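These are the structures, in C-alpha cells.
Look at the two complexes coming up: chain A is in both, with chain B in one and chain C in the other.
Our next item is the complex of A and B:
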C-alpha cells in the first residue's frame, strides 16, 4: 500500500516535471478570478434560480448528480439511482463519508429534508420538478427512497447542483427557509467553501480540503468579481485580470474581437445545453390587438430570425422552428412547425392579414400596439427596434416601451397590462421543467414571474401537457409533444424567435471548466490552471 | 437692432457659433428631405465603414444609417432643448417675479420650494424623474424642465428685487397701475437680457441632459437622438468606432455653438459691457 502511494507520488512528480502524461497533467493550486454579473442578492440557490447565484452556488453545494454533454448522469452525492418497473419508486444510494463544510456528516435525512421541505416548497421550479413525490423514506443513512404518485422521468434531469442543490438539514430545520442565515453564509458539501463576501466587489471561495473526491478540487481559491460596466468587464478579460466570463458577461461583439486578437483568449458555446434559452414574444391573448391567432401567426411569419441573430447576436444562436427548442431533438421531442421561417416572409404575412380581413388604412396601418422590451440592455432594445420596423411593413404600427426591471415585471406578470412583450425563457433540460410553465392553464399565476403571462388556456393542450409529464415511454412521449407543438404552432400564444447561444469567454490557461453540460453552473471541481 | 448686431458681431467666436447653429438648424429642418426614410430602418449592410455601401458616415450593427440618425437626431435634440428651455423659463419667470415683487411670506414660500429643487443634483434628479415616469419624449422634456427652472427663478427674483424700488416702478404705483401690469409691462422688459442669456445657455444644457439620459438607456426608444446613437454604439467602440464618434462630434459642436452664441448675447445685451473696447 505504502509503496503504491509512493510510486504514485513519484509518477506524479515526473509527470508534472516533464509536462507529459494525460492523467497527471492537472496542476493543483492557483486562484481563479471570474466574472459574476450582476452581483447576486443572496447565495440561496435553493430559493432563487437567478443567474448569478447559479454561477456561485454549485461550487459550494453539490447536487445528487451532474450531467455530461450527452445528457448522461454523472454520480455526485448519489452513487446510483434505481427506478422501479412502474416508475413510481426511485431509490438513490448516497455516497458514504461525505461531510458538510462545518464537519457534520451528510446523510439521507438531508436529502429528504431538501426535497420535501425546501425544493418542493420554496424553489421556483422545484414544485414542478418534484410534483409527483408524495413522500420520502430513509431506510438507512445512505439510502433515499422517493415514493411517486405517477412516473416522473423528467425529475432525473433536474438533479444538478444548480437545479436542486442539497442543503444541510441541521442548519435550516425549524427556520424560515426564505430568510434563514444560510442564504448569506452558505454551508454545502461542494468542492469550495464560502469564505468572504465583500459587497459590491467580490465573493471569495476557498478549497474544501476534505472534499469527498480524492485530489479535488485542483484550484485553491475562486473569486467571483462584480464589475457593473460592460466595457470594463471586457478590458478585465483582455488584461487577464479575470479568466472566465459566462452568460455574455462579456458582450458578443467584444468576445469575438478578443478571440480573434488575443492568443490566450477563446470562446465557446458549450455548457448551456441544460439551460436552453429561447428568445420570444409573449402576447396578451385576452385583450388588446393580439387576441386573434392569425395576427400572431403573421407576426411570426414576417420576422427575419436569421437577420436578428446575425446582426444583434453576431450569429450565435439558431432560428426557432417550433414552440420547443431544437435541442430537444435528441430526445425526440422536437419537430419543425409551419409559420417559423428562418428568413421572414413579409409578403406572406401581409397576405395572411389581408385574407383575415384586416384592412390597411391610407397610411398603410392595420392596427396599433404597444411593444414592451425586456430591460436587459442594448441588444434587446435593438431587437425591438428591428421588429418594430418589420411590423410596420405588415401594417402593424407599434410603439416601444422600455422600463426598469421591477416596473416591467409588474406590468407583465402582476397586472397583465401589456399587448406584446419581447423576452427570453430558459427551456431547460426537459419541456416539463422549462416549457410547460408558459402554456398550462394552471400556470396562469398572477404575480409569479416568467410563467403563462399570455393567459392562454386550452383544455386540450392542458391534457396533453399532463400526459407528457407522466409518459415514461419515449415514443409515446414524442407523439404527445408533436401534438403539443402542432397546437402551439396554430394558436401561437407565444412566438418563439431564436434559440440563444450564450458565449463563454475564457483564458486558455484555465482548463477543465467548460466541458460539463451545466457549464458555468457546474462545480469547477475538475478545473485547473496551467501556468 | 443694428446697434445690437454690431455689438454681437464684435465677438468673432459668437458669430462662428451662430453660423454653426444655423447649419445644425438647417440640417434638422431638411432631415426628412435628404433622408426620407425612418432613421430606424435596418438594412442588409450592418457595420459598414464610413463611405461603404453608400453610407456617408457608416452604418450600425443592424445596418441603420448613422448619417440619417444624426440628421433626424438634430431635430430631436433641438426640439427638446427649445421646448424644455421655454417651459423652464416660463415657470422660472413666474416664480421669480412673484417672489421678487411681493417679498415677505410669498418670497419665503416660493424660494424654499425652489431650494428643495436646487438641493438635488440636477442630472440625478432628471434620471429619477424619467425612471419614475416611463422613458418617452414627454417625460424627458418634463425632467429637463423640472431640473432647469430654479436657476431662472433665482435670477428673475434677484432682478425684480433690484427693480421694485426704482423710481419708474414707484411712479407706476402712484399712477394706480395694477401689480400684474407693472410686473409684465414695466419690470419684465427691463430684465429680459439676462433671461435671454440664461435661456440660450440652457438650451445647450438641455441637449446635454437629453443625450446623457439617452446614453443611460432612458431615452425614448421610438425617437432617434444623438444620445441613443452613442449608447447604442458604445459597446462596439473597438469594432465600429464610427457609430458613436459622429453623433458625439455633433453634440460637441452644437453645444459649443450654442454656448458661443450665449456668450455673444451676453456681451451684446449686458449694458455694463456696452462701454467695453
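Our next item is the complex of A and C:
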C-alpha cells in the first residue's frame, strides 16, 4: 500500500515536471460506468421526475438550456431567449442542424408539442412550470414563441434536460404519451444514444456520432449500473469498477472514508443547487395534537439542527433558517426567521409550551403522538430517533413508525392518517417550482404526493403566493417572499430542519462532469476520462 | 404393466394433480398480495414527485386497478390459463419477458450452487462419517456449524473485501463486465468469473446443511442389518461404504435438495442483492415494494411450477436410486 502511494507521488511529480506548460487535451474514448440507484422503472423523464431517470434521461434528451454553477443559462437546443417588456411573450431561437437519434430533424414543432402536449399535460411538475403558457406559435422551423397569460420569470429556471426534456413529436404524436414505446426505447437529441437495457444489471448508452456539438461527446459509452446493496456499491467504487456515484448512492460514511483513504477518489457537494433538498417535518394541522401553531413552533425551537447534521449526515448540510432554502438568497428570496435556532433551545421550547398552558403530567408528558418517518433509509430512522429524544425533553412523547414506501405515501398523502411526518422536499430552482406546492390551499389535493399534506390553508398566504408567481420585479418579489416567510415562521405548518447536501463520489480520472448546476442530472457531453 | 410404463403413468397423473395445486396457489397469492396498503399507481406517482388525482385515476383505470378484486382475479386467472402472465405497468413490458430475462441468471446461480453444495456436502459428510470421531470428523463438523451459523450477507461482504478489494482476484459484483462488453467465449469466461463469489457464498450455507445431513444419514445406514450381512459375507469396507451404504444414505439428501431448489429461487435475495446478481429473487423483492402485483404473481407462479416439477423429478430419482420403491 505504502509503496503504491509513494509511486503515485513520484509519478505525479514526474508529470508536473515533464508535463509543465503542456495543455492537456481532452481525451476521447473510454467507458464511463456509474451508479444508478435504484433501477428506474422506465426512462420516460417526460412523465416522471424520479431520481434514477434523472441520472440517465439528460444524457439522451437535451433541454432548451442548461445552467452553470452560478445559475447562468447555457444555450443547448435554444441558442437564445428573448422576453418582451411585459414578460408575456417569450421567444426561443433554436439551434439549426440538430437531428434526433433516428435521423429526423429537430424543429420548433417538437418544442411546441413537448411543452403543450407532454410537459403541460403528463409531467409531474410541468403543469406548474408552464402554467401561464396559453399557446405557442412557430413562425418558422427554428423559432418558438410562447404566449403567456401572466409573466412567469421562474419558467426560465425550468428548462434543463432533467426538468423539461425535449421529446420527438414524430414518435409520440397520436400515442398515449404515458404508455408510448418511447419510455423504454428513448430517442432524443442528446450526446448519448440508448443501446441496451439489461434489467437488473445496467443501461448502456453509446456515443451519438452526429451530436450537434462539434467534437462532443468525448466518452464512447456510458453505462449506468444497478447495485442494490450499499456496501457493495462502496466496494465497486473503491475498486474502480464504477467511477461516479451521486445522490448518496455511496453513503456518507463510506464516501468520507474513501475520500480519505484513496488518492483517486474525491467527493463534492456541487451539482445540487437546482434541486435544493430540504429536510422537514410535516404536521397534520387539522386533527390530532399539532393543530396549535405554538406546539409546532416549540418543536422547531427545541431541535438541535446542527447536532443532527453533524452526527447523522457527517456535517453535510446547513441548518434551515426559514421556510425557504438559503440557496434562494442569491435571488433575494431568503431571510432568517425566528424559531429556527441552529443548536436548539430546549428551555425556551419548554417555556413556550408552559406559557400556552400545556401541562406536564406526573411522568413529564404533555402530549403523545405518532411520528412517521420517510422510508428512504437508515439516516432517516436515526434522524427520527434523535427527534424522538428531544421531543421527550419538552414533554412530547412520540412513537416512531417506519413503513414501506407505498403504505407511507398512502397514509400521508391520501388518507391524511398521520400526526407528524419526517420528510424531505426538493425546493428546486425557484420557490414557485418547489415550495408553493407545500403551502397553497389549491395544493391540498387528496392522493397527490408531495404537496400540502398539512392541509394548511391561509387566504392571505395564498394571495401572496399568487403575487410572488407573477411579479417580474426582483425587489418587489423579494418583499413578497419576506412576508411569506414571516407567515410561515409564525404558523409553521411545516418545520424545516436542514438544507441537505447530497454527496457525489467520483474517481478522479473522470473530468469535465462537474460544470453544470444540474450535477448528475446533466448530459455529461463535456466529460472525459484521463487514463 | 412394465416399470417404465408405470413411471410414465405416474408422472402424467402427478402433473394433472399439480394443476389445481398451482391454481390454488395463484388465488391465495392474489388475495394475500392485495392485502398490502397502496398500489402500483401510488408508488409510480410517489417516485415521480407529484401527480394530479385525475392522472392517478386514469392510470388506475388503465391498469385495471379500479375494478373490484374478484373481477381482477377472474381476469388474471383467465389470462394464466391461456399462458399469458399479464403486463407489468411499472416496467411497461410483458411479465413473461421480464421473468425470462432474469430466469437465466437465477438458473445459473442456482444450478452451480446446488452442484457445489450437494456435491461437496455429500463428500464432506461421507468423509466425516467414515472418519467418525477423529480430528477430520471434528474439523468438518465445526466447519459446517460455522458456515451454517454465519449470516449470508456478512459472508458475501467479507468475500468481496478479501477476494475482490484486498486481492484483485474477482470482480465485486454484477454478472458481466459492463465497461468491456465481451463477446463469444470471452463473455462466457467473464460470466464464469463473476459467478464464483456469489456461488461460493450461497453454497457455504447449504453445504453445511448437506454435510450434516449426509453424515447423520451415513451413520444411520451403517447400523442397519444389511451392513452386518455384507460384512459377514466378506465384502471390503470400501465396497460396503460406496456401493451399499452411500446409495441408501443419499435418499434423504436428494429429498432435501428437491425441496430446496424451489426455495433457492426466492431465497437468494440476499446474495443477489450483495453481488448485484440479476436474478429473480431481487426482481420479486423490488416488485413487492413497487406493488407490481402482476410481476410478483408471475414469479410466484413460476416458482410454484418449479417446486411441483422438481418434486416429481425427485420422486422419479428415488425409484432409480432404490429399486424397492414402487410408484403407484
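Keep in mind that, in the parts below, the second predicted complex is superposed on the first by the 507 of 531 C-alpha atoms of A that agree within 3 Å, B and C clash if a C-alpha of one lies under 4 Å from a C-alpha of the other, contacts with A are read in each partner's own complex, and residues count from 1 in each chain.
The working rule: a contact is a pair of C-beta atoms (placed from the backbone, for glycine too) under 8 Å apart; a residue touches a chain by one contact, two chains touch by 3 or more.
No experiment lies behind these values; they were computed from the predicted model shown.
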- [ ] Could you tell me if A:48 is touching chain B, chain C, both of them or neither one (first, second, both, neither)?
- [x] second
Open item on the list: Applying the document's definition of touch, where does A:388 land relative to chain B and chain C: first, second, both, or neither?
Closed with: first
TODO: Classify the contacts of A:378 with the two partner chains as first (chain B alone), second (chain C alone), both, or neither.
DONE: first
- [ ] Could you tell me if A:253 is touching chain B, chain C, both of them or neither one (first, second, both, neither)?
- [x] first
Task: Which of chain B and chain C A:404 touches, first, second, both or neither - done: both
TODO: For A:331, decide between first (touching chain B), second (touching chain C), both and neither.
DONE: neither
Open item on the list: According to the stated criteria, A:318 is in contact with first (chain B), second (chain C), both, or neither; which is it?
Closed with: neither
Open item on the list: Applying the document's definition of touch, where does A:28 land relative to chain B and chain C: first, second, both, or neither?
Closed with: neither
Open item on the list: Per the contact definition in the header, classify A:202: touching chain B only (first), chain C only (second), both, or neither.
Closed with: second
- [ ] Give the label of whichever partner, chain B or chain C, reaches more residues of chain A.
- [x] C
Task: On chain A, positions contacted by chain B and by chain C - done: 231, 403-404, 407
Open item on the list: Which residues of chain A touch chain B once you look at their complex with the stated criterion?
Closed with: 230-231, 251, 253-254, 257, 307, 310-312, 373, 377-378, 381-382, 384-386, 388-389, 392, 399-404, 407
TODO: Flag every residue of chain B that touches chain A in the complex, lowest number first.
DONE: 38, 40-42, 44, 46, 61-63, 131, 134-135, 217, 221-222, 231-232, 234-239
TODO: Mind listing the chain C positions that touch chain A in their complex?
DONE: 36-39, 42-53, 55-56, 59, 62, 90-93, 98, 101-102, 105, 153, 157, 160-161, 164-165, 168, 171-176, 178-181, 272-276, 278-279, 282-283, 286, 289-291
- [ ] Report the residues of chain A in contact with chain C in the complex, numbered from low to high.
- [x] 31, 33, 38-39, 41-42, 47-50, 122, 124-125, 127, 178-179, 183-184, 198-202, 204, 223, 225-229, 231-232, 235-236, 238-239, 241, 403-407, 409-411, 413-414, 426, 437, 445-451
